[in-house]
Each structure stands twice: as C-alpha cells, then as structure tokens.
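Several structures are given next for inspection.
Each of the two complexes below includes subunit A, the first together with subunit B, the second together with subunit C.
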Partner chain A sequence: MRRAAGILLALAALTLPLWIANAYFLHVVIMAGIFGVLASSLNLLLGYTGQLSLGHAAFFGIGAYASALLTLRWEWSFWLALPAAVLAAGIAGWAIGRLALKLRGAYFVLVTISFAGVIALISINWMDLTNGPLGLPGVPAPELGPWSLRTKSAYYYLVLAAVALAYEVCRRLVDSRIGRAFVALRENEALAESVGVDGTRYLVLAAVVSAGLAGLAGSLYAHYTRFVSPEVFLFTYTVTMVIMVVAGGKGTLAGPLVGAVLFTVLPEALRAATSWQWQMLAYGLILVVLVFFLPRGIVPTFFR
Partner chain B sequence: MDQLLQHLVNGLVLGGTYALLGIGLTLIFGLMNVVNFAHGEFYTLGAYATFAALTLADLNFFAALGLAIVCGLVVGAVTEFVLVRPLRRESIDTVMLVMIGVWIAMQNGELLVWGGVAKSIPHPFSTTPLTLGGVSLAPLRLFVLVAALGLIVGAHLLIHRTRLGRAMRATFQDADTAALMGVRIRRIYTATFAIGSGLAAAAGALLGPVFIAYPSMGDLASLKAFSVVILGGLGNIAGATVGGLVLGVAEELGAGYVSSGYRDAVGFVIIIAVLLLRPSGLFARAERVG
Partner chain C sequence: MTLSVRDLTVQFGGVAALGGVSFDVRPGSITSLIGPNGAGKTTAFNAITGYLRPSRGRVSYGDAVLTFQKTSVFPTLSVLDNVLTGLHLRGRAEVWSVLAARRRVRAEESALRREAETIVAFVGLAHRRRDVASALPYGEQRLVELGVALAARPSILLLDEPAAGMTGAEKDVIGGLIRSIRDRGVTVLLVEHDMRVVMGLSDTVIVLDHGAVIAEGTPAVVQSHPDVIRAYLGTGRAED
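Up next is the complex of A and B:
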C-alpha cells in the first residue's frame, strides 16, 4: 500500500510538466521544490537535533550569492558554482556550528539570528562585491551540454533532482548511527554523552549538512530567478521555513516536504483573495495555533 | 574631542531607551524563562499607540506617552494570560515558537492597520538644539534621556522596594516555596510579563518621536534588547541598565568612527562575542534578582 503510493507519487512527480502546461503553476511547483530543500535542511537541525536556527536565510543567501558571483564575475559553469555554493554555505555552517553549539536552545537561536544579521548587513554595505541593495542581475541560467535549462519544465527537473538528493541525504543520515545520535542528543544530552556520544561533534555535523543543503537551495534559487539581492536574507524566508517544518512535522522526513508544498501552494491559491500582509499575519497565527492544537505536525498526526 | 562628547551624549540618549527595553526583556527572558521574540513588537506598539493618541485622539503629548505605557501593560498581560500561562509546563522551545508567531502576527497586524509608510510622531518640544560646551542636544532628546532614567529608577524601586517586587523576586528564586508562602505566583507571572512589555512600550513611545514609527521597527529593537540582556547577564536588572547604556554608546561610536552602515551590527557582534567569551554576562558578580 505504502509502496504503491510511493510509486504513484514518484510517477506523478516525474511526469508533472506533461500535465501542468501552465507556466505559472509550474513556477509555484518549482518554488515549492526549492522550499522543500530548505525546509528539509532546517528540519535536520530543528527536528532531529532539537536546535532551532533562526539564521537559516543566511545559509540560503550565502549559497545564492556564492553561485551568482562565481558565474557572473568569474564565469564559472553552473555545475561548478552549485557545489561551490554548497561548500561555501557548509563552511559558514561549520563556523557557526563550532561557535554556537557550545550554546543550546535560546542562545543558539540568538547566535544564528545575529550571524544572519551581520551577513545581511555585509551584503548591503560591501558594494564592491555584492553591488549592495541593487543586487546582482543577469545571473545565467544553467546549461547542460547544448541545452539551456532556461525553460520552466527543464528547471523543474533540476529542482526535482535536488529535492530527491536532499531527501536522500537526510534519510541516510537519519537512518544511520549518526541520526540516532542526533535524536539521543535531542532527547537527553547528558545521557547521550554518558554513553559516549560526542555532542558537539554531532551537532556541528548536523549544522554543516543543514547549511550545505540550504546553500544548494540558494544556488537553485539564484539561477532560477536570475537575480540576487540582499532580500534573500529576509527574515521572511526563515519564518516560512520554520512554519513549513513545524506544520509538516518536525523530525520526520516527509514532514518538511509536505509543509513546503502546503505553504507554497496555499498562499498562491489565496493570493487573489488576500494581500501579502494578511498572509504573513496568518503565518503568525497559524504558528501559534499549531503549537497549541497540532504540536506534532501533519505527517505524524495523520499518517502514523 | 567635542565630537567624541557629542557621540557620548547621543549614545546615552539611545542607551537610556535600550536600557528600558533590556530591563523589560530581562524580566521576561531572564526571570520567566520565556524567549520573548515579540518583545520588540511591544516597542512598536508603544510608538504607534503614541501616534494614535496624538493624531486620532488629539491627546496631550505626555498623556499620550502614559497611554502608550498602559497599552503595553494591558496587551502584555493579555498575551501572558492567553498564550504563555497555558504553556507553563511546556519546554522553553515550545513557548519560543509561540512567541515567534506572536511577533509575526503583531508586526503584520500593525502593517495592516497603519500601512507600510513610516509615520512621524509630532512632539511639543522646540527643534532648536540646546548647546553646552560644544555639545548640542535637541530638547526632545534631553526629555527622552530624563524620562528613560526616571523609568529605570522607577523599575528598580518597584522591584526592590514594593511588596509586588518582593513577591516577584521570591517567585523567581523559588516558585514552589513562594507559592507555599502565599504568593499567587500565576499573578506574579502575568504582572512580570505586563511590566516587561510596558517598559518596552515606554521605550517605543519615547524613541518614536525621535525617529519615525514603522511596522518592522520592532525587529531591531528585539535584537538590541536581547544583546542588552546578554551583555548584562540574564535576569540582572542593574546589568541590563548598564548594558543598555553601553550598547547605545557603542553604536553611536561605531556609527561615528567606523561606518554608519554597520551601526546595527554592533548589537549582533555583542551577542556573538559575549555568548562565546563570557556567557554569564559582563556583570555577573553584580546584584542578581534571579
């Protein structure tokens, strides 16, 4: 039953551009995919290790800027810039992980927010590198041999591959010894350490992988919208990721993806009826309501 | 030299309001253990309440400030009663998620009510600056400094000299024992959250007329409040007072001598540096309430 559902879902995902011809719908699906990678990456920290990063937009933005700058200034190929963006974000994640994971809970959150704040200010003020608030226009679309992945249906497959990759990375990590160490640290750090789990090492690893995946999403975003500005650091992105993870189900593999689809499609569907401010107001209220009435999220509540 | 003095004076004006924000948050975060990301929204609430009282209700400036503080107290008490109280037994992270929700909801509520265009808040003070020995200070800024210092002293007296303050200190030292001694601790939690929010609203009401009021003004205010609390040590009211003044002066010096673009980075750097190097705050040995 589960297997059949899985095959059907995969089939639907693979053939989606054939039965969704509308460019706008395809755009929404692509954004859902990019947010799916982001939410999965945040979930690795929030869901499995229990540490909330409110600076996740920084890793997303670092990935976006790294990829855009490498392809624009140094004319790297997208296929080199993408891993470089993952690496850049991963290094930032390592630095923040090393620094911050001596701290837990609220203090970790504050350090991640502050880090994102500093990075955002640098993107605005370091005119020579980032072109400041004007941003970097004309980020090239990826090319694959003779083909340009400029069309939405081609880009869809690229994003789909990234979602599959992110899912697989998270699944392998979570199903391994390492994943069990994450959960042990989340549930009871002192106990986990007493049986030989090196807390800081595992938390740094989670931060690196999580930041790297966020960087992957950033690079995909940059080459999709073909424009990067300090807006990639907007706190709104972080908030959206948190909502997706909490709504979908923290600490489940499918939860962040369900949350990402729900919270990309729903606002677009309601766009005609509501303005952006109403949407954000609703996000705030939804977060409060979720904590009170659906604390485990959609996937664990309805599918287990 | 004159320039340095000028920066110091400007820094103290800012720092006085940062101290108010910080004392408010150190009560809520340091003592109640609620990671209140909505703290800056009470600051915004204070500024908009002043604006509304002045332009819609045509109130006197000082009455409007008083009304803004009352607004902060009431909304703070309601927030605690409805959202924080039922989660008393939940983990600190759960409450933090709720407060993030409150933050987003309040901010976008304000955006819907007042629109995205910044409002300038009228005030009755002359715009001719007072000059003394090469340092000039607008009368409004002088008033802000004096009022902030007055409120800081008031908060200290409330916590150290009144029955309510004693009950608060007892509750945060040991809630169970305090309850056994007849302290109604649930009321103390509500009162503490209300006072903390009222102080944030006061800071917004005072600083609003100096700058301008806009819906996202609370974001930076929250982060500054957190950096003040961390600088001063959790739950340390004297520490928050000094921390606020230090942050104000540091920002002003940073903007004056380093780069005005990085003014707001000072608070972030303080958070990171203090948490890594001296997580108990700079004044850990100073008097402690918690």
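Up next is the complex of A and C:
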C-alpha cells in the first residue's frame, strides 16, 4: 500500500510539468521544492538531534552568495559552483557547531542567531564583494551541455533531483547508527554518552550536513531567481523553515517536505483568496489551529 | 577478573560515609551489597563505579577502566531501538560509508539488528519489541535498561536496586534474568534493599553498617550472623 502510494507520488512528481502548464503554479512548486530541501536540512538538527538553529538562513544565504559569486565573478560552471556552495555552507556549519554545540540548547540558539546577523551585516557592508544592499543581479541560469535550464520546466527537474538527493541523504543518515546517535542525544544525552555516543562529534556532524543541505538550497535559489541580496538572510526565512518542520512533523523524513509544500502554497492561495490585511490573520489562525490540533505535526498524526 | 575494593573511604565534610571498606567480587558470581538505611551501600556503589571520587582507597578490575552507565531508557524509542542504540560502539559505519557504501552498511545493520533482537528476547521483551519504551510498565522499563546495559557486552554488571518499585512477579522475572546473566559468565554486583531478592539470588552477601563491612559470606551464613541481626533488628532474624 505504502509502496504503491510512493510509486504514484514519484510518477506524479516526474510528470508534473506536463499537467501543470501554468508558469505561476510551476514557480510555486519550484519554490516549495527549494524550501523542501531547506526544511529537510533544518529537520536534521531540530527534528533528530533536538537542537534549534535560529540562524539557519545564514547557511542558505552563504550557499546562495557562494554560488552567485563563483559563477558571476570567476565564471565557474554552475555544476562546480553548486558543490562549492554546499562545501562553503558545510564549513560554516562546522565552525558554528564546534563553537556552540559544546554548550548546546539555548547557547546554540543564541550563537546561530548572532551568526546569521553577522553574515547579513557582512553581505550588506562588504560592497566590493557582495555589492551590498544592491545585491548581485544576473546570476546565470545553469546549463547542461547545449541545454539551458532557464525554463521553469527544466529547473523543476533540477529542484526535484535536489529534493530527492536531500531526502536520500537524510534517510541514509537517519536509518543508520549515526541517526540513532542523533536521536539518542535528543532523547537522553547522559544515557547516550554512557553507551558511547560522542555528543559533540555527532552534533557537529549533524550541523555540517544540515548546513551543507541548506547551502544546496541556497545555490538553487540563487540560480533560479537569478538575483541574490542580503534579504536571503532575513529572519523570516528561518521562521518559515521552523514552521514547515514543526507543522509537517519534526523528526520524520516526509514531514518537512509536506510542511514546505503546505506553507509555500498557503500564502499564495491566501493572496489569491483575500485582501492582504486578512492574509496574515488567516495564516496565523491556520498555524494556531495546526499546532493546537496536531501538536506532533501532520505526518506523525496521519501517517503512523 | 576479580573486582577488588581496597580501603575504600568516602568522607562528606567531617562525616565518614565509608570508612576503609575492602572486599572482592569473585568472577562469575552474584555478590550483593546490603545494609540498613544509611549504611553506605549507595556511596560504595557510586565510588566503585567512579561516579563519586573516594577520599582514599582503590577499586581495581584487572587493567580495565570501569565506566558508569546511566540507567534509564530512551523514552520515545521502541524497545528494539533502545537496545540497538546500546550497540552503538559495536557498529563501525561512519558518515561516508553510510552515504556511499550501502551494501556494507546494510550488512552491519542486519548484524546489529539480529543481536538486538537476541538481547530483547533474552530480557523477555520479544513481545514488546516494537512498543515505545516510555509506554511500558515500570518493571519492563527496567528490563529495557538491562537490555541496553547488556548490549555493551559487559564482563561485570553493577546494578543499583534493580528490583526497586517492582511487583512480586516482576521481582521474580528480574531475579531470574540476573541469574541467567551470571550463568553467561557475567559478574554481577548488586545493591539491593529487598532481602527476598538478595537471599534468593546471591552467591555472596556483603553487609555494610555505618560505613564498614560487618559480615561477608553466603546468604545462610550472613542471615545467622549476630552482627547482622543486631544491625537490622536489634534481636531476632535478619529479615527486612
């Protein structure tokens, strides 16, 4: 039953551009995919290790800027800039992890918020490199041999591949002794360490993989919107990610993806349905109702 | 290997909770440390496991370093996953092999899962293997703790009041289990209040009173020892 549903879902995803002709709808789906990668990355930290990164937009922004700068300034191919963006964000995740995860909990939250603030300030003030608040326009669309991935349909498949990759990376980690170590640290750190789980090492590992995946999402975002500005570091991005993870179901693989689709489509649907004054009110109400009635999130409530 | 405790002294300020306690725990035996309230049992236990730093004395177990394992469960994990987590150090897969070398990792996972299943069956929780640990009754949660401890393949197991808070039937189950653990060659040192459990289970009983060893021997010898009777009851039999 579950396998059949999975096959149907995969078929639907693979043929989606054929039955969604509207470019706007496809744009929403692409953004949902990019947020899906981002939410999955945050879920690795928040859902599995229990550590809340409130500066996750920093890793997303580092990925976006790294990829944009490498392709614009040094004319790297997108296919080299993409892994470089993952690496740059991963290195930032390692540094933050080493610095903050020895302390855990509230200290980690504070350090991640501060880190995002510092990175945002650098992006605004280092004019020579980042062009400051004006941002970096003209980020090139990826090319694959003779084909440009400029069209929404083509980019959709690139994002779909990234979602599949992020999902598979998370699944392989979670289904292994590494994933069990993550969960053990979230559940009972003292017991976890007494059975041989090196807390700091595994939390740093989670931070590196999580930041790397956020960098992947950042790179995809930069080459899709073709423009990067300090707005990628906005706190609202992080808040949106947290909402996606918590509402979808933290600590599950599908939860962040469900949350990403729901909370990318919802603002767009509300925009079409009502005036802007009511949009935020309706958004907030839906969020409160979700948290109140489905405190464990959508996926754990309906699919377990 | 023999667990050897020599001249173990623990002082809290001016109060000597343990005053130069010495004893040996024979390999492959069940040895119980008993005594009335305030006798120093838990202090001795904590000093032996290294959780408490003794003021004086030495605890040796061959060349091995004793590691202290917290006894509790991972509450939202299943019984099987609790034991699998206890097997963490038995796995070798690191991040690159987890991401890239799937065949090797799958083989390792299957082996670990088989071992976890065996341990879960050994502690009598095969029928509960998929249940979330925190949803189990207290007695069964303690069996999960034992399963997690056994996953480390210990040669010695130090248990602090394993039967505390259990019903009579649960005490019989855990008693039988501790005997089976001993029969597998694991040395067991118990600190326990329940005299029925201690006398029915132990090969050797060491009695502490006011931070000193007042008697040591088989349950029958200790039960009839005049100092033990005096420590527990003043007069009469040494019953709890």
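Keep this in mind: the second predicted complex is superposed on the first by the 283 of 304 C-alpha atoms of A that agree within 3 Å, B and C clash if a C-alpha of one lies under 4 Å from a C-alpha of the other, contacts with A are read in each partner's own complex, and residues count from 1 in each chain.
Rule of thumb we're sticking to: a residue touches a chain if its C-beta (ideal position, glycine included) is under 8 Å from a C-beta of that chain, and two chains touch if they have at least 3 such contacts.
Everything numeric here is computed off the predicted structure, so don't read it as measured data.
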Contacts of A:285 with subunit B and subunit C, given as first, second, both or neither: first
First (subunit B), second (subunit C), both or neither touched by A:147: neither
First, second, both or neither for A:190, with subunit B first and subunit C second: second
Most subunit A residues touched (candidates subunit B, subunit C): B
Partner chain in contact with A:246 - subunit B first, subunit C second, else both or neither: first
Contacts of A:106 with subunit B and subunit C, given as first, second, both or neither: first
Touching partner for A:205 - first (subunit B), second (subunit C), both, neither: second
Subunit B versus subunit C as contact partner of A:235, first or second or both or neither: first
Which superposed partner A:169 touches (first subunit B, second subunit C, both, neither): second
Which of subunit B and subunit C A:114 touches, first, second, both or neither: first
Residues of subunit A that lie at the interface with subunit B and also at the interface with subunit C: none
For the subunit A and subunit B complex, residues of the former touching the latter: 50, 52, 54, 99-100, 102-103, 105-107, 109-111, 113-115, 117-118, 121, 124-125, 235, 239, 242, 246, 277-278, 280-281, 283-288, 291-292, 295
Complex contact set, residues of subunit A against subunit C: 169, 172-173, 175-178, 180-181, 183-184, 187-188, 190-192, 194-197, 205, 209
Parts of subunit B lying in touch with subunit A, wherever the complex brings them together: 29, 35, 83, 86-87, 92-94, 96-98, 100-109, 111-112, 219, 223, 226-227, 230, 259, 261-262, 264-265, 267-269, 271-272, 275-276, 279
In the complex, subunit C residues that touch subunit A: 67-70, 72-77, 81, 84-89, 91, 93-95, 98-99, 102, 105, 109, 112, 148, 151-152
